[in-house]
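A, B, C and D are the chain letters, set down in written order, and residue numbers restart from 1 in every chain.
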Amino acid sequence: MAEARYNGTELMISLASRLMSDNSTAFIGTGVPMLAAALAQKQHAPNLMAVFEFGGTGAVLEKLPLAVGDMRTYNKGLYAAGICDIMEAAQRGFIEYGFLGAAQIDPYGNLNTTVIGEHDHPKVRLPGSGGGNDVGSLCWRTIIIMRHSARSFVPKIDFLTTPGYLDGPGAREKAGLPKGTGPYRVVTNLCTMDFDEDTRRMRLVALNPGVSVEQVVEATGFELIIPAELAANEPPSDTELRILREEVDRERYYI
Amino acid sequence: MAEARYNGTELMISLASRLMSDNSTAFIGTGVPMLAAALAQKQHAPNLMAVFEFGGTGAVLEKLPLAVGDMRTYNKGLYAAGICDIMEAAQRGFIEYGFLGAAQIDPYGNLNTTVIGEHDHPKVRLPGSGGGNDVGSLCWRTIIIMRHSARSFVPKIDFLTTPGYLDGPGAREKAGLPKGTGPYRVVTNLCTMDFDEDTRRMRLVALNPGVSVEQVVEATGFELIIPAELAANEPPSDTELRILREEVDRERYYI
Amino acid sequence: MENKTLRLLEEGQGKLIQPFDLDDFRALNRAKNKALVDKRCSEKEAISRWVNEGDYVGIELYGTVRCPMSLTREIIRQGFKSIRSAAQGVYEADLLAAANCIKEMDWTYIGLEVYGVSHNLRRTVESGYVETVVEWSNAALAWRFKAAAMGVPFLPVRSMLGTDTLKYSAAKVIECPFTGEPVALIPALVLDVGVIHVNRADKYGNCQIDGITGFAAEMAFASKRLIVSAEEIVDTEEIRKAPDRTIIPYYVVDAVVHAPFGSHPGEMNGEYERDEEHIKRYFEESKDPQKVKAYLDKYVYGVADHAEYLDLIGRERLDGLRIKEG
Amino acid sequence: MENKTLRLLEEGQGKLIQPFDLDDFRALNRAKNKALVDKRCSEKEAISRWVNEGDYVGIELYGTVRCPMSLTREIIRQGFKSIRSAAQGVYEADLLAAANCIKEMDWTYIGLEVYGVSHNLRRTVESGYVETVVEWSNAALAWRFKAAAMGVPFLPVRSMLGTDTLKYSAAKVIECPFTGEPVALIPALVLDVGVIHVNRADKYGNCQIDGITGFAAEMAFASKRLIVSAEEIVDTEEIRKAPDRTIIPYYVVDAVVHAPFGSHPGEMNGEYERDEEHIKRYFEESKDPQKVKAYLDKYVYGVADHAEYLDLIGRERLDGLRIKEG
């Protein structure tokens, strides 16, 4: 697959960053999303407003924050408030993009970050919802970033931590979740996927460089919708890689 | 009644101020209560924490505030927040004394500050609840300050703006109001009254200087409980009068 | 799950003057431009662009403190006749009433504090010009803004219970599903337009307020459209130096009006005292409808804008109101 | 009125670990002394006086920022074994888990952010030492503190709906009496003890925080007993100069602990960076229970108090973490 010019993480970061439009808002959690947002700000989205869970808004992402409450999340910011203020802004519809990851994902984009096995006697205790459920409930468009494997892309997840499209069309609204929200894209080391409007099931959109449909199908534990026409994801440009390596994550915490 | 050494307002202010104990908290509205609190602070209650509706807490009442949002309400204060913060502090039980006035009061201490006549076609439109209903609902002990007359002390008020004991014992709790709260004293130009524990009806406690029981009964439009023993309210001392006239209300806005 | 229910114990009979749809509100908030764009404009432009006849308009202030008076006078000047509003004010509500701008009101308190009842409000309500009056407590109204600001349909509260205030409001009382006890639910109040005066703002709308904040943040976040006026316009670098001083972030703001002495005849936290003489005279005159008309003709209709108003009041007089250091 | 009802659509099956009675909470708040009294004491005094075995203890922080670590280490040092807590932290929760202090948890997120999962938490939960785990989202937990801070039994929210997170929480879903749509209700969380670290406080407990405030105010107001530690103790005149900077007012505070570098190895807004090397090493070692024990023996049990801890870390090293001006 991807040649040695870049690694899978760098690819996912650049793909995610390209999904964010300028003059918009993104709810940023720790890890890859921070790098994607920082990269977007330095590229096509200088006016992307980065919103951090614990209160930072409009920070200039010069140095990579290591934590969602890190000083860098409100460094030279425009508004340093508290977690409730930010979550309520999301509840009021102010936040366009949210980023999520998970141990397990199902065909409807529902996510598990809580337990593997039974909740009360877990095989593996995972970190929990954190802000994930709130992001998946309240942001307009959530972008899910994961490594692609049949172990994590499963027909049924052990625990539904964060809502995707639940069990199909209209289910979110029926549950009382804000109208018009839900998973927007799934970005993996193999491809980009979205969700079919009629079934709300995951659909392949674009393959990463050197990746075949067969590879994607093999790494997906459920039936994926494969459209007749597929786009191709451009690899990270030299500029993107330079910014990532020399500006965004100098210390290489993530890449 | 009261000789010319002081007027009825000055008497009511000093009586009200004496009801507030030190190291406590008082929710202060505009008018007489502000003067009473300021007087108390300068006399027996230096640690009386004055809380103002729009956010001021712990101010040093050097100059008389003219409005509940006046700068003087947080001048050298300890905490300048917003109306919700203050009202929520009251809802959490932090505020001991609240002061209320009204156009009409009934035997249970229920107050009308909304309309005389029918609500939808009022004879007289009064200022409304303002913070009154909140004070009467959320403070532990409310002190009602009014001029005594049969026109305002009535068997049935035209509109129940602010809760006293509603229709008797247990009625506040039954309505969902916080336990153990309610009217504490009624201070008038004629006397001080409280509320009988068994019936929650108004009861005479102490007569003002030179006032007879008959005068009080005559000025009360409903049957007042008259106990066998009555206390006597001390007139404002020279010190109290000096502080009121020379320090608290120099401009004589109220007295 | 099996059909469990909760008891709905009481429903206020007051009209919900401003029905809300949180998903529509979300869509409007989503559509607001998040870019840093210069939003400065005059009172005239702000009101004519962002306020429509019949709108539900909220004006934030307390007593005579931090009142957006230059914007309030512009609303009157532009001749609105059927504004719906939350009456939690003093001088500004009295003035709007005097000019017959208001048709429906969520009412909590309108009086002139130390100077007593509001004659203009009495006239406009007792005469029936104001068609609908719905009762609320001060906290309830502030909490209704807070509910909208939180993006939720209601907030539970422990005041208003057992009273006619609740009966003539649009609140409801339910049996709490956690405690089993009665609790009042007050509906979110999503404003068409919010009008707020602050100490300083940058051209994008990031606002700082000194001293108590009243319900500025709650109202700002509860407004579909938000007009702020500021005593001073500062560079954004000032904002970035202390982001924890920002009470209202730029992205909720639609218009920024530079209005020095914008609260006159009211006061401004830490900047100037209220014009006691002017207010006292106004409240005296307000007993007489003719004199009120004369006041409006002179101070509102008779001037083209806030600058002319300040000239009329007199710069020297205004300087005299400034708070001296210390 | 006639028997109207609302539908109760869903009830989370999770345990309400900390049942609440708002009227009892009111009585406790009423009993707090409102006088300005000196509340300064040591970590040892604060924890032994205000924390009891089995208490529900909340520790406010975000990631590794503004952590009351000197107080957390004292809780471990005093050997508590059955604390109930809200796990919304990182390093401090990991440490409490490593020392087996916790029996029941309201859980939202416990991981080490950039360094991945918390090995100690995994062990304590997977081994069953922690008997009860109730799920919540981050916002839901913060809003539960906010409900208590507002003095109301619950808050309505639009997250958690439709998920197992709600099913394994103690939230309920009702039909909104205003919109008719489903809305989640999350119960108030009234803490026995709240533990918060701030930039500066006066001896009475008036606290200032620089930068983002996390959920400090909500937790402070949701606590029956409140212990604050501060990097710096300032004169009350400093507080009175800027009352609008007070995030936590004195009257809710029970103990004030002077704890310079109290957040170490975490960071402090505007004062010092986190000790990356120390944290990285700890998280590496935390994979091995023996090494965790050695860490606790050295940095917690092996020192008498915070002063000794700082000596052990080394004053020079600490100075190196200070943020240089600009």
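Just so we're on the same page, a residue touches a chain if its C-beta (ideal position, glycine included) is under 8 Å from a C-beta of that chain, and two chains touch if they have at least 3 such contacts.
All values reported here derive from a predicted model rather than from experimental measurement.
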item	value
Given subunit B and subunit D, the chains that contact each of them	C
Least step count from subunit A to subunit C, where 1 means the two chains touch	1
Taking each chain's C-alpha mean as its centre, the one farthest from subunit B	A
Distance between the centres, which are taken as Cα means, of subunit C and subunit B, whole angstrom	28
For subunit A paired with subunit B, centre-to-centre distance based on mean C-alpha positions, whole Å	58
Rounded Å distance between subunit C and subunit D, as computed from the means of their C-alpha atoms	36
Subunit A residues counted as touching two or more neighbouring chains	56, 74, 80-81, 91, 178
Residues of subunit C engaged with two or more neighbouring chains	22, 150-152, 157-158, 181, 183, 211-213, 243-244
Chain contact topology (line, ring, star, complete or other)	other
Every chain pair in contact, whichever chains are involved	A-C, A-D, B-C, B-D, C-D
Residue ranges of subunit A in contact with subunit C within the complex	22-25, 47, 49, 56-58, 74, 76-81, 88-94, 96, 140, 178-180
Touching residues (chain side subunit C, partner subunit B) in the complex	61-66, 87, 90, 107-111, 113-114, 117-118, 121-122, 125-126, 128, 133, 135-140, 142-143, 146, 157-165, 168, 173, 181-184, 211-218, 267, 269-270, 274
Interface residues, subunit B side, partner subunit C - complex	30-31, 52-56, 66-71, 73-74, 80-84, 87, 91, 110, 114, 119-134, 137-138, 159-163, 166, 171-172, 174-178, 253-254
Subunit A-touching residues of subunit C, taken from the complex the two chains share	22-23, 25-30, 32-36, 149-152, 204, 206, 221, 236, 239-240, 243-244, 246, 249-252
Footprint of subunit D on subunit C - complex, ascending	1, 3-11, 16, 21-22, 150-158, 172, 174, 176-179, 181, 183, 185, 187-188, 209-213, 243-244
